[in-house]
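Listed after this line are the structures, all set down as structure tokens.
Shared between the two complexes below is chain A, which has chain B as its partner in the first and chain C in the second.
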Partner chain A sequence: MNVVVAIKKVVDTSEAADVVEVDAAGKDISKAGLVSRLNDWDGYALEEGLRWREKLGGTATALTVGPRDWDDVLRTALAMGADAAVRVDEDAASMDCRSVARILATAIGKLPHDLVLFGAQSEDFGSAQLGPMVAQMLGLPHATLVVGLDVNDDRVHVSREIEGGARELYTLTLPALLTIQTGLNRPRYVSFSRIKRAREKEIGVTTLHELGLSSADLVPSVTLERLELTPAGRRAMLISGNPEEAAGALATLLKESGVI
Partner chain B sequence: MSLADYRYRDLIHRCFRCGYCKFPTSYLDVNNCPAYARYRLESYSTGGRLWLIRAWLNDEMEWTDHLAEIVFSCATCKNCTEQCPLPFSQDIVNMIVAARCEMVERGLMPAAVQQFLENVQRHGNPYGAPRSKRAEWFQGTDVEQYDGQEYLYYVGCVGSYDTRARETARTLAHVLKRGGVSFGVLGDRESCDGNDVAKLGEEGLFESLAEENIEQFKELGVTKVVTLSPHAYNAMRNDYPSLNGTFEVFHYTQLLNELIKKGTLDLSRGFDARVTYHDPCFLGRWNGEYEAPRAALRAVPGIELVEMERSRADTLCCGGGGGNFYTDFLGGSEDSPARIRIRQARDSGAQVVAVACPNCMTMLEDAAKAERLDESLSIRDVSEIVASALE
Partner chain C sequence: MGDILVVAEHRGGQLAAVSLEMLSKGRELANHCGGQVAAVVIGKDADRYARRLAQHADTVVVVDHHGLEDSPAEPSQRVLSSIVSERKPKLVLMGHTSFAMDLAPALAVELGAALATDCLDVSARDGVFRVTTAPYNGKVRAVYAFAPSDIIIVTGRAGSFPVEQAQGQGDIEVLEYDVEQDGQRKVFEGYVEPEASDVDIAQAKVVVSVGRGIKDSDKLELAEELASALGGVVACSRPIVDYGWLPAGRQVGQSGKTVTPKLYVALGISGAFQHVVGLTGAKMIVAVNKDPHAPIFGVADYGIVGDLFEVVPALTQKVRELKA
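And then the complex of A and B:
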């Protein structure tokens, strides 16, 4: 079974919420002092893809659209066990989802693919549109927010997470595209020595031209006007006193506000 | 991987589980191995662990989350090394670390260990905090960036990020200044020393961290390093030389003791209290330094230094070693080693527990709260006690 996993590099802001600022152009955050890494959701998609490749044979290819310094997330994928890595050499930061989807769909179309996996969304812009758009462009059946899957011959049985913890179960015929929710597996640890070994592996680099695309195919239909930070809340409250007094005050507060 | 490829294949079978590894020297009790004290199961003692590792490597048992938790619950405190009567005693902790290396290489480890290592890989600290915050601890002080001063003051991850340990880091800087020591810090250019990364079995990451630190130290012309943490002291003193990084490395208590002996620090204000000193494993058992911190404390007028029943090579570890201050496999119980240790400190009659390690500080302070002893027993770093005594 041939698996393609589309991945993305994002800035890690998980422990840095208090230092995030919008940059001068107003369309991105200031990245100085922050590190970038593989999008969290994509780690789960990669892990799932690799597990099925390990079980059923075939190939697993990691794919991204990005500049050269995105090679490190592809090397992470190779270190995890991907057989091949392909980067479309294009800075997609200012593109809209449909343009990126167009590039990915074209690239995936040239790769052997029975199962195409995306992270359910990205940590930075979080639109969650890319997977469904690519599925539409390639004419593939798709399911989003997948929390469990089982590949059986030419079908994949999936479990989708919906509101209130409920699940929907579907069967899709392969080839199919799934967007993967966090938590359905535990992405493997990639040791430093594996990353080092992955540095020697080759990354396939392709261009829009080689994919047969031109700027006319990538006219944006959605443009980002500006980013704004959420104003800091002013309702933090410190409860003092010994543990008994503090617990009592907290209980009163929660009751008054209708939480308990 | 099988037992045949394991680094200690010729040794590991020689442990016949005599059980001495979990005792103190007096053999009066059976809980001086922190993980055994916490769980009271043979599998959590060093001997039990070695047998499980051998069974796993021999394919006699499957890897499970529970096996990994047992293997990673060792605090690498070296009590077992002290007590093991057999000729391979110096290697028994290494045998556990080597098994962790195998698990890490295969990606088979508890989630908390994975999180620790991924955070260090990405951010240079186990908390996953941004590098820019590494310099916050000395904002608003007169501490200088390292620029050719006599000493590099290496603060480490806990001293740089943990709120309580930051206070200690600042206090030590103040004491060093008062002692006329010429020193500078790396601020946000500092990275993890890697001691606990190595003890968690991530050899490749440890080497990468050590090599980057060594390269930076050399570029800056560093010859002497004084560390806040015994963990950094251990890595830099014992492991960096084999990676071509030989510096004169001091734990800060050694430097303070020298300053006091020379009379550079005027301690005449004194510190009136009954104090007991808790030996950090990476200063005591790992590096044999039991005396310098005690000598520094004895030099403070007003201190009555009392020993806990178990001290020096017999110390019960706080449970924070080998990454456990973060992974917390030994917490959550009144049998957690830090809580047992706090009760031992109470029984010594001390009013103050002196520590010389930021990990011990955070572990024991939390334990004192859990034991509701935080009002009668305060946890103070040796540098903080010295600072209080400065005239």
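And then the complex of A and C:
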């Protein structure tokens, strides 16, 4: 079974990360000082794809659209066990989702694919659009927010997350495209020696031109006008002071309001 | 500027609250721009929602077919694609739900429509539709403008659009669509309801909740101690369940539980909307986070910007003193 996993590189702006700032152009955040890494959701998608490739044979290819410094997330994929890595050499940061989806669909169309996996969304813009767009472009059945899957001959049984902790079950005929939700597996630990070996593996680099795409195929339908910081503590009354003082003031407030 | 079509969603006999929110927004935009609002509701016995929807919409299109249970995305795509192609609305609105996440991007490609997802606001001024989103874990706001396009599809975040009172009586049309599943390439097999949990966080009076900022499963103890001092239980945001540090029954949010405590304490939780939709029923929300721009401070009543590893032990101590 041939698996393609589409991945991307993001800056870490999770709870564990530092404070973010908007850059001078006002179109993105300032990436200086922030750690860049594989999109969280994509780690689960890679792990799932690799497990099924290991079980059923075939190839697993990691694919991205990005500049040269995105090679490191492809190397992570190779170190995890992907057979091949392909990068479409294009900085897609300012493109709309439909254009990126067009590029990915064209690239996936040229790769052997029975199962195409995406992370359910990205940590940066989080629009969750790419997977189902690519599925529609390639004419593949799809399911999003997948929290469990089982490949059986030419079918895949999936469990997808819906609101309130409930799930929907579907059976899809391969080839199919799934977007993977976090938590459906534990992405494997990648040892330093594997990362080192992955550095020697080749990354297939292709271009829009080689894919037969031109700017006429990538006309944006929606444009980012500006980005601004979310106002700090818009609603909350922020309690100042050192940890000791702030904690004391908060405990007093809780007492006064009768919750303790 | 043209008509607006709102896709209403339902499950288990309940109309989704977000559908009425989107319908209220649709009404406001239509009043502003001069256009009609149509609501579409698809599925078995969907006519039961028609009157409620007709209070806001000029027209309610009911697609009632025994082949469509609740709101499954896949056959809905073919129904909507057909309705949108026929009626040519300028804007299609729906909630940013699991249903829409499966449906909207594929529908946009099929119709050649422009799409924006998970929007906090939608506006129409001088002939341009704009939306606001909250990228980078909600730490920034982004404003997008749509190019003049035939059709625009927008999915809106639950809780972002107030539901307006409306006493209209729109027309109700019942359509028959003979929907077969898509050549059996995607077959709906059923639902699985969530499992029962060890601790019922939904009933707790005090909930101390931890997020990724806790960094290490050993540190959950800090939250346990604060919860014990406050007489509450420990809950969490999604990453903590994904890491296997707490069971799924402890998760608060869209894919977890809705809680209604008198006090909710959020520790190291940035406040992604998937989490905060689960605590709209909390009487008081307190947040500790090191980032002053963390969206949790947008919903909390009181906040401490600081290192939770320092603040929480101090808070536990103070609470114990005040209770003693």
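Keep in mind that, in the parts below, the second predicted complex is superposed on the first by the 229 of 260 C-alpha atoms of A that agree within 3 Å, B and C clash if a C-alpha of one lies under 4 Å from a C-alpha of the other, contacts with A are read in each partner's own complex, and residues count from 1 in each chain.
The criterion applied here is as follows: a contact is a pair of C-beta atoms (placed from the backbone, for glycine too) under 8 Å apart; a residue touches a chain by one contact, two chains touch by 3 or more.
Since the model is a prediction, treat every value here as computed from it, not as a measurement.
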First, second, both or neither for A:Lys196, with chain B first and chain C second: first
Residue contacts with chain A in the superposition, chain B compared against chain C: C
First (chain B), second (chain C), both or neither touched by A:Arg188: first
First, second, both or neither for A:Arg226, with chain B first and chain C second: second
First (chain B), second (chain C), both or neither touched by A:Asp153: neither
Which superposed partner A:Lys255 touches (first chain B, second chain C, both, neither): second
Chain B versus chain C as contact partner of A:Ser14, first or second or both or neither: both
Chain B and chain C footprints on chain A, overlapping residues: 14-16, 19, 186
Chain A-facing residues of chain B, complex: 104-105, 107, 109, 111, 114, 117-118, 121-123, 127-133, 188, 202-205, 207-208
Complex interface listing, chain A residues touching chain C: 11, 13-20, 22, 29, 97-98, 101, 120, 123-133, 135-137, 141-145, 157, 159-173, 176, 182-183, 186, 219-239, 243-244, 246-248, 250-255, 257, 259-260
Residue ranges of chain A touching chain B (in the complex, touch as defined): 12, 14-16, 19, 33-35, 37, 186, 188-196
Residue numbers on chain C that touch chain A, as the complex places them: 11, 72, 74, 97-99, 101-106, 108-110, 113-118, 130, 133-147, 149, 182, 184-194, 206, 211-213, 215, 230, 238-239, 241-242, 244, 248, 251, 254-258, 262-263, 268-270, 283-284, 286-287, 289-307, 310-312, 314-315, 317-319, 321-323
